[in-house]
Amino acid sequence: MNLSVNLPGLNLKNPVMPASGCFAFGKEFAQFYDLSTLGAVIMKAATKERRFGNGTPRVAETASGMLNAIGLQNPGVESIISDEIPFLKNHHLPIIANVAGSTVEEYVEVAEKISPHVNAIELNISCPNVKEGGVQFGTDPSLAKEVTRHVVQVSDVPVYVKLSPNVTDIVEMALAAEDAGASGLSMINTLTGMRIDPKTRKPVIANGTGGLSGAAIKPISIRMIHQVYQAVTIPIIGMGGIESAEDVLEYLLAGASAVAIGSANFKNPFICKEIIEEMPNALARYGFSSIKQAIGGAHDEKVETPVLRP
Amino acid sequence: MKNERMTILRHEKVARETHLLVLEGNLVQDIADPGQFVHVKIDGFYLRRPISIADYDSENQTMTLIYKVMGDGTKALTRFQIGESLDVLGPGGQGFPTSQIHDNHALIIGGGIGVPPLYSTAKRLKESGVAVTSILGFRSREDAFLLDEFRALGEVHVTTEDGSLGRSGRVTDALPHVKENYQHYLSCGPTVMLRAVADHIPDKEGYLSMEERMGCGIGACFACVIESHDEKGYKRICCDGPVFKAGEVVLS
Amino acid sequence: MNLSVNLPGLNLKNPVMPASGCFAFGKEFAQFYDLSTLGAVIMKAATKERRFGNGTPRVAETASGMLNAIGLQNPGVESIISDEIPFLKNHHLPIIANVAGSTVEEYVEVAEKISPHVNAIELNISCPNVKEGGVQFGTDPSLAKEVTRHVVQVSDVPVYVKLSPNVTDIVEMALAAEDAGASGLSMINTLTGMRIDPKTRKPVIANGTGGLSGAAIKPISIRMIHQVYQAVTIPIIGMGGIESAEDVLEYLLAGASAVAIGSANFKNPFICKEIIEEMPNALARYGFSSIKQAIGGAHDEKVETPVLRP
Amino acid sequence: MKNERMTILRHEKVARETHLLVLEGNLVQDIADPGQFVHVKIDGFYLRRPISIADYDSENQTMTLIYKVMGDGTKALTRFQIGESLDVLGPGGQGFPTSQIHDNHALIIGGGIGVPPLYSTAKRLKESGVAVTSILGFRSREDAFLLDEFRALGEVHVTTEDGSLGRSGRVTDALPHVKENYQHYLSCGPTVMLRAVADHIPDKEGYLSMEERMGCGIGACFACVIESHDEKGYKRICCDGPVFKAGEVVLS
């Protein structure tokens, strides 16, 4: 069974990678399995300077999901380049840098510094958990266009724009990114949510709101990818609540060319490896002989001859 | 660290809303120090629950957890039966470094559901020739547990907030009644208690076991950070802790 | 324990009512318990003419939730007035009519006809499941304002505008409704989602997309109500994933003055009654002596002296 | 209709991925006709699962369900043990009106997992003096069940798609071999089968039991509608059906 997918900058031996922020820089998971099993790895967000993030508690449990408000804590782009990337490079797998910032200048500077060291950039214009975290770039198409254009200009590698689901019109955001030169999209970041503890009468999360992830959001992500797939010609990395090989298939059918797995890594540290191992069976069970065959398969216009993308 | 289905050998109530669980499995072999914890998956709940290892027996591959019903997850846990299995990830984090403590005497200070990890800690200390005095604080008589077990290891001072058992008051109220012949103290309990303890015993070396809500429990998500006094500025409770040197982290 | 809450047009003996579309017109649930137990009842959507709705399947299961695309099937406003409202009137409880339409004219006509027979109108500008179903009114603040203004003008009773969560800025939508004369808000309708069946390679729901409801969406609803409560002065009826008295309390603390229970009625037909019976205990357990005390309690500025609203 | 926790008295495999479940509880008393269904809640799943009542015994308050593993919910159902209880809502809908059928002879036509509700239907007919001939279609020999039970009630024609048991083909392939001495036919199975049956027997009165995805299962949500030929234009399968007169609803 052929699990490979080739996307701009990313020759993936399989379409499964850990999502940004849920896998740090890989070291913790390397104790469980050989990271070279993965299709690629998306690193935790990088900002210009190190950030300490939000107050605690930073996570809360929800029905079939969780809220987080880590607040982009990271050691800063330079430390990531010197202390984290070399470890990942040893595993010979494509590395995607998640780039965050508060201003266009910060995004540009981070992208410029990190792009020579990685295979692609995931441009995080959608972190809902920091006041100056770029979420305004993720909800306003003209700002999205602007930051994307600048980052694409300075980046040595293809740029995937990570979209926020907290918008009225996801297609408009996707088109803005495509217009500005994005090589691909990454969908979706978390939905902004809140839990209140009746004991303390306060939000559970110190930051007040947090980003909702996990199985609960999968139907929303699938819908958005299904919509966007019809509107753009660049490939989509899909994510949100993936917990099984069948979930991956659902994403491929909706129009994703590859997928990322986030919070499920916390439930089961072996999840990425297990899903990769199960993929051939799952494809065969539903009559597919490769990943590429499944991509976009739920689109009426494409049932006969699945359009291979890219 | 392992992720394993462990078999339930014992599961019984030991105090008000407090249950003792004995599990069998390979990961017991990986336990390095008392005070480490395991991350337990409970069906129907998205996040794992961190529970300290209260006792362990590497030879028989068993470990004991003692947990209190605090919400829906721990409530659901009470329904698991002997013979069933639980998905356990662990052992996690850095425990109390008992093998580096070569004192004549050590002081254990535990509050409520912070008491369990101190039991194996006291046991290890005693085994390596360190005499142990324990202060154990509970809300009330019905909440107390492990008293006989601690008494078998040394002197025990019990405090209860309502005075229904032992001294009335908090663990710090027992401090004046404990001989100051100990070199280290080792403590686990609510953060307010840990702060009070650290304030009361500024001149001794201490180890404190901290709590925070966790995502991954393995150091990857940065949910469980606590401010620290070093250059890095933070520690992750799940992997750099949960046990820290007093003064290493900010008890806010 | 005092469970009563008085809202414009609605003197509620308790704050719990079934949500629109999940309780039809009450008859089916009357076999399980006495409907007069309820704080109020929100009827299924009414349109001008009868509508047959979408193709089947119309529902799909999701993690801690469900998708539906009923498509506003209903017998039409006149039949509702003559055949359904009389039954509910027998139970002596406030009746809220859910008013839907494809054009401002339709909304106005339905509201005009039904308002003399009910205690309040819930203006459904947020149904995501019909092409001409009013969702455009729910995502564009100026259209929301227009339809609200017209309906308020013709209505004999207070108008609660039911907001769609599928927007970038929920506060903007809430303010538009308030500006246009709404007496209250109803939050939230469903989030647009999709599930794809790998066997058929098609969306599970015939309509393609459906509205996501259930416990999965509660954190999103709580967040939106928490935001809107700070921005408006009109009361909010909260809904989305309520399954217990503690969930109701979470909604009250976020800023809802009353709540509606939707999909949970399908899991447990007694849910509304059971929650009403549990409310006094739940309030007492967390130190409240009335519903009013809890409203808005999670707002910092209001912890000391909870603002009673209205 | 009741909502009740019913106790599991039996739970066993009767064919490939097909399980028989005997439940005990009060709601059995409310069963009016064979062909009604119950709505079963399975822990961890948001929506209930509709399952037909395959047999019932009002005196002993027991009923039998036969279900096939089709997805995660029915798979989870297989794990329930004798002595455990299930949250059941029912009985729902309108069944086969056996008490209004006073023929000499009736024809039962069941396909796959549509067979179970026809068993109590055939039983009731026989009890009231109606002779019953049954055509039961399955994919393969391993999928067949209830054959002996149906044989005890009358003539049985079995078809399998792969010819591994009985006649090779579909239920409609058995029709030419059945005497046309029946006045009514009663059928349950996939919609394609029901359509084929109705097309093959246009001149007899028939009753068809339909399936659709359900929300509430009690008539309140309008998830399960089917187009009908009457003025209203639709029927709800969960409460107006699942059994309809052939010709009453549109078999699209």
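Should a chain be cited, it is by its letter among A, B, C and D, assigned in written order, with residues numbered from 1 in that chain.
Definition applied: a residue touches a chain if its C-beta (ideal position, glycine included) is under 8 Å from a C-beta of that chain, and two chains touch if they have at least 3 such contacts.
It should be emphasised that the depicted structure is a prediction, and the values quoted were computed from it without experimental measurement.
J.: So if I look at the partners of chain A and the partners of chain D, which chains show up in both lists?
T.: B, C
J.: What whole-number Å value describes the gap between the mean CA coordinates of chain A and chain C?
T.: Once rounded, the distance between the two centres reads 33 Å.
J.: Return the distance between the CA-based centres of chain B and chain D, expressed in whole Å.
T.: One centre to the other, that is 56 Å.
J.: Roughly how many whole angstrom separate the Cα centroids of chain A and chain B?
T.: 37
J.: Can you tell me which residues of chain A touch two or more of the remaining chains?
T.: 62-65, 214-215 - these are the residues of chain A that touch more than one other chain.
J.: Which of line, ring, star, complete and other names the graph you get from chains that touch?
T.: Ring.
J.: Chain pairs that touch, all of them, please.
T.: Pairs of chains that touch one another: A-B, A-C, B-D, C-D.
J.: Spell out the residues on chain C that touch chain A in their complex, using ranges where they run on.
T.: Counting only chain C, the residues touching chain A are 62-65, 67, 139, 166-169, 191-196, 198-199, 201-203, 208-209, 212, 214-220, 222-223, 226, 241, 246, 249-250, 253-254, 282, 286, 297-298, 300, 303.
J.: In the complex of these two chains, what residues of chain A are touching chain B?
T.: Listed in rising order, the residues of chain A that touch chain B are 21-24, 27-29, 31-32, 44, 52-53, 56-66, 68, 70, 73, 214-215, 263, 265-270.
J.: Using the touch rule from the top, collect the residues of chain B that touch chain A in their complex.
T.: 1, 3, 41, 45-48, 73, 89, 212-226, 233-234, 239
J.: Could you list, by residue number, the parts of chain D that touch chain B in their complex?
T.: The touching residues are 43-44.
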